[in-house]
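One chain, chain A, links the two complexes that follow: it is found with chain B in the first and with chain C in the second.
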Partner chain A sequence: MKSVVAEKELSGVLLSARRSARLRAFKEHIVSYLFIAPYFSVYLFFVVLAVGWAIYLSFTYYNMLQTPTWVGLENYIRLFTDDPVFLLSLKNTFYFSIITGPLGFFLSLFLAWLIDETRSLRKAFTFAFYIPSMTSAVALSVVWLYVFAADKYGFLNYFLAKWGIITQPIIWLRDTRTTLLCIMVVSLWMSMGVGFLVFTAALQGVPKELKESGMIDGANKLQQFIYITIPILKPALLFGAVMATVNSFQIFDLAQILAGFPSVLYSAHTIVAHLYDYAFIRFEMGYAAAVSVLLFLITMIISRVMMRLLSSRDA
Partner chain B sequence: MKKITLYVALAALLAFSLSLTVGAAEKGTINVWAFIAEEHAGPMIQEAARTFTPKTGLKVKYTALGYTAPFNKILLAAASGDVPDMVFAQPHWPMELYSRGAVVDLKREFGAEYDKLVSTFFPGSLTAYDYVGARFALPHNMWTPVTFYTKDTVDQMGWQIPNTWDDVRALIPKIKGQKMEFIYRPGFVTSATIEFNAAAVFMPFLFQHGGDFFTQDGLKSALDTEEAIAAFREFTELFTKHKVPLEADMNAMLKRGEMPIMVNNDTNTQWMRAVLASAGRGGVLKMAHLPGTMRGGKLDRAGDLYSWSQFIMKGAKNKKETWEYVKWYYSKDANSAILKGWAKLIPGLTWKLAVREVAEEFLRSNFPDEAQVLLDQVSASRYIRPVLGGFSMPRFLTNAFNEVTLKGADPEEALRRAVGEINKEMAKKQKEFTRFVY
Partner chain C sequence: MKRLIPRDLTPSSAIIFVSLIVGSVLSILPILYMASTAFKPLSEILVYPPRFFVRQPTLVNFTELNYVLGKTITPLSRYIFNSVVVSGGTVFVSIFIATLAGYSLAKRNFPGKNLIFLIIVSGLMFSPHVTLIPRYMILKRFALLDSYWALLLPWISGSYGVFLMKQFIEPVPDELLEAAKIDGASQWQIFRRVIVPLCKPAWCTLSIFLFMWSWNDYLSPIIFVKSDAMYTLPVIIDRVNSVVSVDRLGASAAGSFLITVPVVIIFLVFQKYVVETMAHSGLKG
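For the complex of A and B:
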């Protein structure tokens, strides 16, 4: 009896000791907490609360002018059973991401490696490759709209007709067969962004002695790259892969400017375009919120898979 | 003590800033949001200051938001209840707001005065704002398609300006033989956005065949009638059989002199003339009537009549005063003065405002040759009627059009498929709005 009471008292004292220790630690580091408070409050309001609100809205019917009414899972059920356009947009987005994601990723890596090998003009090349991602999609689209212009004086049409490859001007951005391809090309061109810079920086961190010892052992440049450089680059690869994939799922403003909104026969309709359609053309905010929650889940799952594949865990 | 004074000071500051916003909407000031460029709002502001405010003692506060401002601005205003009194915006906006109970039904609210006001308008200008008897917006500047031709080229080749679509079809091979093109409304048919779409340029054919987009009660699409299908077939054959180009860079083609005859909106008049003048090869761009169709012994030249809209928000605090403003705005003198102000800003402007007398006087004095053409066209034309779920019609119609022209589908099949989709969307929207009684 006495021991039980004593134990309780002892655990109580320990608990309060732990609590006061935590409080003391908090008070010690209060300056650090104050420093992160601004960013954290912004994050709390604009990310956490917004996501929570979107999740709440996805279970309601809300058209912005009347208060939201609870409808339960109706939005999600409708999304999967009664919406062929959503399935088409899923297909478009996956098709787009599977090609531009890995392709853009490998392209950035390959180009970063090539530039790393050059001696002269290295900075010029880096700058030239990085510029497209610094400028906004809207500004660049002006040039690409001219290249893909549909009349016979558009850049591509003119030269293809001149060289006898086509007889009638191709409507690049409105013909369902070519629309997605054009957007992929432009997106790849613009994807040499942060990932590219990260690779360039990481490549410069590869110690030269390792490469030289590889050369002495008889490895050519490509073998050096595959067996020596890439394993060292693993953290950067992870970052680049996650960035490329997450961004490719959210392609919208580029597709909107090039292919119009809504694109012809929904050929360039991505998930975000579908969301935008339901939110701002039909004013069904609840349904759009459901689409956004789904996009959030897809992106989260794929990022997790990437991290599992590429994280550098010591064997 | 220090903490308390801090809290009191903060509370006082908050109360003061709140009071500032509340006092903004005073009685006697009419708040107008105009989705036009700031420079273009000048004539309205000046005229209001000159004649409206002295006469009625009411002040008008204009906010120019730009032509490309998104619809969300007015939507968020309506959602938060902080609405302006009057909005001047694109044509398809008032229906979206009206069906959700955010816009005033002018006919119901102002009855006889409303009827008197619109008796001075062009007849077809109100179809875009008439939903099953409710009139919720007023038309403003309108434009309509006409035929443009370069006089010198046409005279040189000895061509006749086409009067009917049969004439056009007979003329196309002759034009193509000279390595030139007949262009029909460039930039519209390949895009499916709400502003530029195939439905807008399909209207001449549809109306001239006697068809319409929606049934009278606004519940279903009427595009599967015999007339509509015939119109659609004629429309698509222009591009598939007669090979009229689907897209054309007007700038380049005007400069090279490859566009002797074309059908285009009359708003493009001034800049097309400027481009032609800059090309330096002479040539004057003149206007002629839209090609028509013989129907029942008469030549029907109906086209589309696109107009900007003005509407009063339901949450407005000064409805009676705003109505006075509307009556003043559409009165002959004010309307005429504003139009003259705009003409000074944008030389060569062929805008027609809704009031018939004003438009006649302005056009006859500034564009004597073209006035009759424009007035005939505006009197004969009308626009798409607003319905619930109406956004779906241009989208699916353009899809059908693209299927026929780019993928070689059969016009009737494609149109019937589109009608099925449109009816589905409209039914969905109708079900949605019976959930709430507004």
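For the complex of A and C:
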């Protein structure tokens, strides 16, 4: 008799213990969610919902005055078959990104490495290379418009003529052959940004002993960099690569300031320029949303590819 | 005081050093030109070939800038105020809620944690311009279009803050948190007394980036804001630049200088924490 009662009491105690443990865990979880809630609610609204809304809109015709009407894939089809300006913007953006993305990335890495190998003036060098990225395209347009000015007094034209390289001033920002080039140069100049700082910091974290052991084994500085330093830097490299990629595909305000909007024969028309044109000038929201979705897919896919290439999960 | 020229100077390190000097000078040159032009009297601006240093510095360009803008209803000070509110607000609010969220993601276990973090990090992998149109509509729906919220909320929803804070808080030893718990601290107290004091380096780093990005942002104001009084500095500077004629070059440069200086100052003040932040986050590997 006693044992049955005792057993019941014991299981009762165990049950309530388990229950209060679950209640405690539940309360803990609520607190966790509460901590995340402020940020995540803004994020859900302004990013997740936004992307979803863009996807929905891309299948509609919407001019802000009437309710959206469903048009299926018509926007997408039109983009690729009936919109040479869009195709040109794709070409311009890819051309721009393929060059400035990797180039900016490697330049940042290379400069960060050079600074790391130097012993004096490191902070000064870092500051000198980083400061262009702190400026806005708008602020420096004064200078760059002057550098690329089309008359013979423009900075570039003046010196190229003085050194006998050209005989006639080049209209840098209005000649379809050179507009993208100018934008690329300025963009590269400004590209030593967050990625560069991350590389600088990451390089400082590489243990000296590893590098020295490489030296002892007879490796020169470059080999040391490639075989020892870079594998350690993988997380930083991934971060820098994704940043460089995403940034290079969204080029717009710099292009607009330098080459005008619209640029001559759309030679500097980028994907975002097209988006802006159709969304906020023509108010064809559905069509512009389709452009957004394509931009989303492009940047997402390339980022995933970077992750595949540079993931340090195997390390 | 380190020697400028080290004792064991090798040819390769000399080449590296010289290349760095040349590179730095090239890098700074445009900015130097802009900064010096801001202080040049008209006579010096038009000198040919261009000078990089001012002979007779003057503040006349800044008053001229104010005058140029004074022709409209809104004074320059209003635009400066707007930029300060937007950037300051972005920095403070972002850091606050990012630290809360980062702490939760780094140190607490709860169902859906990995999924939530994955969703947040995906925000880093595509261009935010994708969301321009929907954000415009959301803001319009809630009648927020011509307000500071229109400029703040998009920045606050960025993922860098949470990502950085989570990476930064993660290596904090769990023993510290448990010790506080044993001492009877509530969740909020643990957060405030243990985590927050440790976050200063990450906050400094985030301040630099968030301030810089929101301060220089040109696209958001022209899309989300309609009335003149709500514009921020980049829009105004662009306006001044676009009507640039020879006699306005100085005002143009003055405006550019004005918009660049705060960012540089904030960087110089907080930059030493950047390395410390990266060292403690997972980014260095």
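Convention: the second predicted complex is superposed on the first by the 288 of 315 C-alpha atoms of A that agree within 3 Å, B and C clash if a C-alpha of one lies under 4 Å from a C-alpha of the other, contacts with A are read in each partner's own complex, and residues count from 1 in each chain.
What we mean here is this: a contact is a pair of C-beta atoms (placed from the backbone, for glycine too) under 8 Å apart; a residue touches a chain by one contact, two chains touch by 3 or more.
Keep in mind the model is a prediction, meaning the values are calculated, not measured.
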item	value
First, second, both or neither for A:Leu111, with chain B first and chain C second	second
Which superposed partner A:Ser136 touches (first chain B, second chain C, both, neither)	second
Comparing the two partners chain B and chain C, which touches a greater set of residues in chain A	C
First, second, both or neither for A:Tyr153, with chain B first and chain C second	both
Which of chain B and chain C A:Phe280 touches, first, second, both or neither	both
Chain B versus chain C as contact partner of A:Gln66, first or second or both or neither	first
Partner chain(s) touched by A:Pro38 [first = chain B, second = chain C, both, neither]	second
Contacts of A:Ser263 with chain B and chain C, given as first, second, both or neither	first
Chain B versus chain C as contact partner of A:Phe249, first or second or both or neither	second
Overlap of chain C and chain B interfaces on chain A (superposed complexes)	153, 280
Residues of chain A that touch chain B when the two form their complex	61, 63-66, 149-154, 169, 171, 174-176, 260-265, 280-284
Of chain C, residues touching chain A in the complex	2-4, 6, 12-13, 16-17, 19-20, 23-25, 27-28, 30-31, 33-34, 37, 48-50, 96-98, 100-101, 103-105, 108-111, 113, 116, 119-120, 122-138, 153-154, 156-157, 159, 161-162, 187, 191, 209, 212, 215-216, 218-219, 223, 234, 237-238, 241, 244, 249, 252-253, 255-257, 259-260, 263-264, 267-268, 271, 274-275, 277-279, 282-285
Chain B to chain A touching residues, read off their complex	70-72, 75-76, 78-79, 96-97, 100-102, 190-194, 245-249, 252, 391, 395, 398-399, 402-403, 406-407, 429, 432, 435-436
Touching residues on chain A, where the partner in the complex is chain C	28-29, 31-33, 35-36, 38-40, 42-43, 45-51, 53-54, 57, 111, 114-115, 117-121, 124-125, 127-132, 134-147, 153, 155, 158, 189, 192, 194, 197-198, 200-202, 204-205, 221, 232-236, 239, 242, 246, 249-250, 252-253, 257, 272, 275-276, 279-280, 285, 288-289, 292-293, 295-296, 299-300, 303-304, 312, 315
